[in-house]
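The following blocks contain the structures, represented as C-alpha cells.
What follows is subunit A paired twice: with subunit B in the first complex and subunit C in the second.
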Partner chain A sequence: MVAANAAATTRPHYGGTLRIELRASVASLDPREIPGDRVQAAAATKIYALVYDRLVTLDEHGQPAAALATSWEYDGAFKRWQLRLRPNVKFHDGAPLVPEVVAEWWNAWHGPDQTASASGDTVTIQAGKAVPELLMELAEGPRFVFHVGSDGVVSGTGPFRVTEWQTGRRLTLAANEDYWGGRPFLDGVSIELGVSSAQQMIDFELGQADLVELEPAQVRRATQGGRKVWSSSPVEILALVIDAKSSAVSDARVRQALGQVIDRAAIANVLLQRQGEPAGSLLPQWLSGYAFLFETAANVEQARKTVSDLSPAPGPITLAYDGTDALARTVAERVALNARDAGLTVQTVVAGASGITDVRLVRLRLGSVDAARALEALVKAMGEQLTLPAGAAGDPEQLYAAERGVLESGRVIPLAYVTDTVGLGPQVRNWLPLRWGEWRLPDVWLDPSTGESRTSSSSPSGTPR
Partner chain B sequence: MMASRRILLLLIAILLLLLFLAVPGVSWADSLEDAARNLARKIAAALPAQQGVAVEFINSSTLSAAQATQVRRAIESELATLGHRGSEGEPSIHVRLTENPENFLIVVKFQSDTAPQVAITSVPRIVAQVLGQVPSSILIEKELVLDQAGGILDFAPVARFDDASPALVVLESGRLAVYARRDQVWELYLSQPLPSQKTWPRDARGWIQSRGGQIELSMPGLYCQKGLEHDLLWHCIDSASPTSVQALMRSHGWRGLGEFFETRNFFKAWRGWNGQWSDDFYYTASSLSGGSSRQVILAGLDGQATLYTYHWETRKKIAGWGSEIAGITSKCGSGRQVLATRPGDWTVPDAVQAYEIVDGQAVVVGMSIQFAGPVMALWTSEDESSVRAVVRNLKTEHYEAYRLTISCGK
Partner chain C sequence: MSFRIKLLLIFAVTVAAAVGLVAWGVSTTTRRAFERLDEQRTAALVAQFQREFAARGEEVVRKVSGIADAEATTRMAIELSSQKADPSAYLDDATGLAKSYQLNFLELAGNDGARISSAQWPARFGYKNEWVTAEKNWNAQGAFLRREELPDNVALALTAVRTVPVGGKNLYIIGGARLNKGFLASLVLPAGMRALLYSNLEPAFVAEALTDASGPVKQAERLQPLVDAVRKSSPGSPPIVQTLTWTTDPASAETFHAIPLRGRRDELLGVLLVGSSRHDLVTLSQTIRNLALGVGGGAMALCLILGWWVSARVTRPLEQLAAGARAVAAGDWTTRVETRGRDEVGQLAGAFNEMIRQLAEQRERLVQVERVAAWRELARRLAHELKNPLFPLQITVENLQRAREGSPEQFDEVFRESTAALRAELANLNAIVGRFSDFARMPTPHLQNVDMNEAVRAAVRLFEPQFSAVGRPPITTEFFLTPVLPEIQADPELLHRALQNLVLNAMDAMAAGGTLTLRTQAHDSVVRVEVSDTGAGLTREECERLFTPYYTSKQHGTGLGLAIVQSVVSDHGGKISVESEPGHGTTFRIELPVVPPAPAAESSDAKV
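== the complex of A and B ==
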C-alpha cells in the first residue's frame, strides 16, 4: 500500500519570501559601482544577478549561453560582434530592452576602442583589437545590463525587482511577473546585509533566516535540526606570496623549504573543517583537470635538511595576514607552527601593522570559470607575471606548463582552496546553484509543508488564459 | 505559383543539405579514442625504442567504465603498435582521466629517457550521445533514448525520416530539433525555433507527437502542427483555444479538459459533470480504466494525489506521490497502471513506481525504477502502451530521455 509520508512534490510551488542574511554591507545597487573588496564584490554580484541580467550567461559547464542576447556572430578577426537581442523584454520601469539602449549602455562603459551601435534587433560591437573572449567577458563580472530612467533610477530586467532598499542594511525584492525566463517561484526575497557570522548562525537556528553564509567552523552545528548545508566547488585560494624585496626569503632554498614543510591536509581538514582542499597549484582540480599533478603532501625531512644545509642559517620571516579575516589568522598561525619543524622562524603580523613583511597570506577568489582567464587573473593579483602563449586557452598542456612555470619560482606557495558554504532552512527547495557558487534563486521555492507556515500558493490574478 | 513553390523547395533542400554537411561525421567516441591514440604516439616518441611499458590507469572523471576502458585500450594498443609492449612491474606510465567544465582530459605522467614528462590532451564534453537499451527484468522497463546537455521537454521517435534513417524529434526549451541516427549516434539534422515568443513558466512543460508525417506540439496556451520533413511552417492555435491543454492532458493519459495558467505550472480541471472549474489546482492528471468505472487521478499542489470518480466525487487522497503521473496500459494485472514519481525537488535522484487502483486504494505493483536525477516529465504515448520520461541526471547534468514500458516479469 502507499506510504503516507511527508507531502512534497517534484514540481515547484509558487509563493513565499526567501530570507537571506549576508555579512557584506553592499552600499549600492548600481552595477557600475562594484566594490573592490573580495567579500563585498562577491555579495554585490549575487545581488545584482537578482535585479539585472547579462547579455550572455554561463551554462552548467561554464560555457556561454543565451541570456538577453539570444544569438551572436563574429568576424574572423574577432573584432566585430553582432548580438541579437531577445524580443519583448522590458526593464522594471517599463522601458523596452531595445538595441539603442544596450548600445548606449555599452558605450558608457567602454572607451572609443570598443563601440556599440544599434541596427534592427541587433547590437554590433566594433573593437579596435581582437576580443576572442568577449562572450566570457559578457558572462562574468559586473557586465549587467541596466537602463537609467528620466528620474535617474537604475533599472534592470532581472527576475526580481526592488521594492525596498535601505542602503547597506536591507533589500526587499519582489518577483518580476513578466520575467523573460519565467516568473520566479518565490514571491519575494528579503536580504539583510552586514549581519555578522555569529548573528547569522543564531537567526538560522531560530528559523528566522532561510539562507545564511557559514564559516567552516559553523558547518557541523548548522546541520543539526534538519537544516542543510551546501558547499560550492573551491572558489577561493589561500596562498603565500613572497615579497620580491625581502632578503629573508630571497634564497630560493628557503622558499622551497617553506613550501615543503606546510601541512596542507591539516589546514583543509582541521582549520577549514573539510570545506576546502589542500592546494599545490593555483587552479583547483575541478577547473583545470590537472591540479593533481602538483604535490600537496608535506615533506618535513627534506625541508629540515634543506634548512640545515644553509649557511648562514636563515633569519626570521615576517608573515602578514588580513586582520579582519579569522580564517586567515588561524592559517597564518598554522604556517608559522609548521615552519618551526623545518627550523624556520615565522612571525605572524596583521597586514598594515608592520612596515616590513617578507611574505603575505592572500585569499583570492577565482575571477573566471575559464581556466586560462582565472589563472591570468590570479597571477596578476599576486603581483606575478604570466604570459600565456597563443592557443594556451584551449590547450590544457600549455596551461599546465605555464602554471608550473609560475610556481617553480617559489614566489607563490599555494596552501588551500576554499569553498563557499551556505546553510539552508528546511523549507528551501530546488537549491541548484552553479558549482562555482553562483546562486539561481529564480528556481528556488519554499515547501509549505515543512516548517512554519510562511508560504501560500501564489496564483495569477484573473481568469486563466 | 508552381515556380515559386519549386524555388522554395529548392531552397529548403539546399538548407537541409548545408545542415547535413555541417554535422561532423566522426562520432564523439571516435574523437576520444583518436585523442588517446595521438597521446600514445606522443608518449612513444619520447620513450627509448622498444621499451616495455606498464600502464597504471585511473578514471577520475564522470566517463563510464566502458568509455574509460576504450581509452585505455586505445593507448595500450597504439603503444604496442609502436613497439612498446606491455610489461610487468612498477607502472612506468600513469594515465588519469579527469575533467574540467569544458573538456574531458587524458593526463599522462611518464618517464622519458631524459626526465619525467607530462602530456595532456582534451576532448570537448559530449553534446549528444547514444543510447542503448537498459535491460531489466522488473515490471517497469526503461530504454534510454537520448542523452544531451541541453534541456528536453519531450521527444518523439520517428521510424523513418528523409534518407530512411531513424529519427528523433526533440522539443527543447526554445526549439524543435530533429536528430537523425547515424553510426549509433544521434546527429542534429535540423532545428527550428518554437513558433511563439511567449514567456513560459520556469519549469515549462511541452508535449510533442509524431503522427502521419505531422508533428503536433502543445505547450500551455499553444497548440501547433507542422509537416515533419520539408514543411518549415507551423500552423498554430493560440491560447484562446482549449486544444493545447487538452493535448497536454491527453498526453498524461487523461482525456479530460484542463485550463493552464500560462505563467504558472498548474491548471484547473473542468468538471464536465457539474459544468464547473475545479477550485483546486493540479500539476498532472491520469485516467484509469474505461466504461462506467472510469476514474481519474489528479496530482495536486499540496503534494497529494486525489482519486475521483467519473462524476468528480472524491474517492481517496493519496500521499507519497510526486507531481508527475502518467497512465499506461499493459497486458499485466488489471491492464491499466499509473506511473508516479517520488516526492522531492530537483536536487535529489528520483524513481518511478507503478500503481494499480484497487477498491479506491493505490496499490504498489512491482519494484520502482531508479533514476540518477529528478524526473522532469512523464508523458503517455498516443497508444498508451508506453510512457516517455525526461530525467535531469544530477551527476552529468545532462538531460536524459527514456521510454518506459510495463513488462509482466516472471
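== the complex of A and C ==
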C-alpha cells in the first residue's frame, strides 16, 4: 500500500469538489436495490455509504462501532436486541431520525420472525431465533437506514446529499451541513459513472479526475507518472469452480493436476502487476491468519505425471470466464496455457456463450470482514455447501479445517487474491479508507495549494471534527 | 425407306451437322479464349498478391524496426539487461506498441526468447519463442510468413523480427500483420474474381478458417479437396486447379487456382485460392448453344419444307416411272409416264416410254413368231403323229385293192387282216386325237389335303417294275424326303399325273440306266419337289422350249407331257423350273404353295 497521507501535516481545508470516476453504472440510488453484479454492487455500496448511514459501522479492525446507533444491548439468547439511536440526527429532507422510522424501516426489510418496535430513543428488535451476528449484519452490506418522504423521495442521513442525479451516468453530491459526524471537508462530490478504465486513466493523468479505479495494468503507469496509488488489502478472489455435472473433470486426479500446474505467482505478479497475491485458500491471510498453510507454488512435473498416468487421456476442458472482465479473460488464458504444460487441453469461452462448461473462473468479493461469514459467503457463491460448526467463528482451527475440507474436494481451485486499487489526484488529502476498501470521504479534503486552482474554498457551516 | 425420306434425312443431317459444327467451333474458341483470359487474370492477381505481400512485408519490417529503434525500447532493453529487472512491469507494453504502430501481432522477448509481453496473447508471458533465438542476424532479414498461435485459433502473419542488443543481451521485437480478409480486401480484383485465404494449419480442415474479403466463405467444406491437394503437394509444384459448381445452375461454376503460401523453411502455412467465376463463359456458351439450337431448328424446319418440295419434284417422276413399270409388269403394255421438262428426269421418262414402246413391239413380234412356230410345231407333230398310222392305212387299203384281184379266200384273209390293221391304226389315230383333246381340256383341280411325300412314292412305285425290267439297264431310285411336310391343298389325281410324267420323262432320259433322285422340302408355306435324273441332260435351248406344247426332244413323244406338268403346277398356283447341263443329267423342280392362291380355288369352285 502507498500511504496517501503524505501531507497530513497540512491543516485540513474545507471546500472543493472531489471528482470520482467509476466503471460501474449504478442504476438507482435506492438502497433497497442492490445490483446483482459484483462490480456494480461494490460501486453502489460505496455510493450509498455517502448518502446513507448504517445503524452500526465497522472500525479499522473490523469490529462493530457506533453509527446511527450509539449503543446496544442484547439478551443471553441473542434474540432481543435494543439499540439506542443517536439523537438530533436528521434525514436530508429534514425529517428527524426517530425510533419509529427506524422500526418501520426494519420491519419493511424483515419478516415476522424479526420485528422491530420503538420505545423512547430505543429500537427493540425481537427475533424468533438467535441472531448473534446481528451487529455484523447491520454493519455490512446494504443495511442503510433511509426514510421515504411524502413525495416518495428516499432520504438518508449520510454525509452527502444528492443534488443532481442523471441515472446511471452522473451523481452530484453536496456536503450535508447537518451531518451528525460533522460537516465533511469537501463541499461536494461529483461521481461519473460508466467510465471505462482507459478513460479514467486519461482523465486521471490530465487532472480531470481526483479518484479513479485502477486496473492492475495501469498501476505502473500511474506510479511512473508520480500519481498516488492506494491499494486495499485483498478483497476479491479469483478461483476456478468445477461444475459438479462435468464429466471432463469428474476425475479428481484431473482436478488435482489442474490445481498443481497453475503458476499462481505469475498471475499475481505479472497479470495482477503485484496488485494481488497468489491464493491457495479462499480467505486471504489478513482475514484468516492461516492462508500461508495452503500451498500456492506450481508443481508442473507432478501435474504432468498425474495426467500421463490417466487412462484414457482426459478430454478437453471448457473454461468459462466473464467476458466483460478483461482481467478474467487474461487469467483464463493463462490457466489454459499452464494446463497445456501438464498435458491438459483447456478451451476458454465467454460465460454464457457456450451451453456446457466444465470449469468457471469466478471473481468474488469478500462478503464480510468476519472470516467465518466471509468463508460461508464465498463457498455459497461458488455453489458449494459449507456448514460451520458452532463456535467456528471465533476458532481459527475449526475455520481452517472447514476451509481445507472445501478445497480438498478439488471442486474449488483458488488462484489469486485481488486488491481494490485507486489512483488519487495530487490534491487529495487525508485519504484514510478502511483496509478492505471502504471509503471515508467525509475525512478527505482537497489541498488547493497543489495543482491548478479549480475550487474555491468555503467556510464550514457544520461542525468540524 | 423411300427415296423422299432419304433425301429429307440427308438434308436434315447435313444442316444439323453444319450448325453443330459451327456452334462447336464457336463454343470451343470462346472457351479457349476465356480460359486464356482466366489464366492471365489469375496470373495478374497472383502477381498483385505477391506485390501486396511484399509491400505489407516491408511495412511490417519498417514498423518493427521503428519500435526497435525507439528510445523507449532502448531504455526498456537497458532495464531488462540488469540483474534486478522485473519483466512483469512490461506486460502490457506490447499491446500499447502494437496499437501505436498498427500491428496485429507484437511480442517482446528476452534474450532467452521468453516472452515479456505479448499483444495478441498477453497471458503467454514467460513462455519461450525457441525459433527466435536460433537466428543470429534478424536485423538483416525481411518479413516472412509465419504461423501465429492465438488463444482460440491460429492466424497467418507477415512477421518481422528485430533485435535491440544491450550489454550482450538481445531484446527481440517480433511484430506481424495478420493475413486475413482485410488483406484480401486490399487486393484489386477484376470482376468475377475473388481471392480466398485458408489460414488453418491444423491437420483437420476447418471451414471457418477459409475466408474471403467479406468474411467466412459459404460451403467452405467443398473446397477441402483442393486444400488437401495443396497440402500433399511439394514446393515448386504447379498450382492446382479445380472447378466447382456451387449450385445446380451451371453458371455458378467457379475455377480455383490454389497457390500454397510457405514460410521461411518452405513449410506450408496457408493456401491462397484465386477463384474465377465461369458465369460469363457458361452464359455465353448457353447463349451459343441456344442460338445454335434455334438456328438449327429453324434451318431444319426450312430444310424439311424445302426438302419435301424438292424431293417431291425429284421423286414424283420416279414414282410415276415405278408405277409405269409395275403396270407393264402386270401386262399393261399401253402404260406411259408423263414427261415434264427436258432435264435428266424428263429424259428418263422419255426413255422409259420409248423402252416400253419398243418392248411391246418386240413382244408382239415374238408372240407372233412363237405362235407361228407353235403352229408349225403342231403341224409337224400332227403330221408326224398322223403320218405313222396313215401310212399303214394306205398300205392296208392298197393291199385290199390288190386282194380284190386275187381269190376270194385270199381276199377274205387279207380283208380280215386289213380290217384288223385298219381298226388298230384307227384306234391309234383316235388315241392321238384323244391325247390332243385331253391337253386341250385339262380338268379343273379338285383340292384336298395331299401328302406330297406319299404322292412322290406313289408315282415312283408305278414305274418300279420297269426300272429293273429284264433286258433294260437298271435305274436306281434315291429318296431324300423331308420327314415332316405340311399337307398341301391339291388335286391328287392331277398331281399324280404330273409326277408320273416327270418320272416317265426321267426314265426316258436314262435309257442307259442311272439314278433317279427325288427330294421334298418345305420352306415358307411352299413345298418343293425335285425329280433328278442322271441322263444325257439338255441344252440351254432345249430347256427354254421344254414346256412348249408339242415340243419334244425324243424320237417318240407328243411333246405334251411336260406341258401337262406345267399346266397342273400352274393350276395349283405353283411354278416349275428345270436345271440341266449336257452330260450331267436334269433336275425338275416344282414349288407348290400349301394353300393355292384364291383365283385357283375360286376357279376350281366355279367349275365344280
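Basically, the second predicted complex is superposed on the first by the 443 of 465 C-alpha atoms of A that agree within 3 Å, B and C clash if a C-alpha of one lies under 4 Å from a C-alpha of the other, contacts with A are read in each partner's own complex, and residues count from 1 in each chain.
Please note the rule applied: a residue touches a chain if its C-beta (ideal position, glycine included) is under 8 Å from a C-beta of that chain, and two chains touch if they have at least 3 such contacts.
Because the structure is a prediction, the values reported are computed rather than measured.
When both complexes are overlaid on chain A, the residue A:198 reaches neither subunit B nor subunit C. When both complexes are overlaid on chain A, the residue A:220 reaches subunit C alone and has no touch with subunit B. Put simply, more of the residues of subunit A are touched by B, taking subunit B and subunit C as the two choices.
Contacts of A:334 after superposition: subunit C is touched, whereas subunit B is not reached. Touch criterion met: A:270 reaches subunit C, while subunit B stays clear of it.
Contact with neither subunit B nor subunit C is seen for A:313 once the two complexes are overlaid on the shared chain. In the superposition on chain A, contact of A:431 is made with subunit B only, not with subunit C. Those residues of subunit C that touch subunit A in the shared complex are 87-89, 91-92, 121-127, 151-152.
Those residues of subunit A whose C-beta lies close enough to touch subunit B in the complex are 1-14, 59-63, 66, 87-88, 177-185, 285-290, 292-293, 369-371, 394-397, 400, 429-432, 435, 442-443, 445, 447, 449, 457, 459-460, 464-465. In the complex of the two chains, the subunit B residues touching subunit A come out as 60, 96, 98-103, 105, 107, 109, 118-122, 125, 149, 174, 197, 199-204, 221, 239-240, 259-268, 281, 283, 299, 301-304, 318-324, 341-347, 350, 355, 361-364, 374-375, 397. In the complex of the two chains, the subunit A residues touching subunit C come out as 217, 220, 263, 266, 269-271, 273-274, 330-334, 336-337, 347-348.
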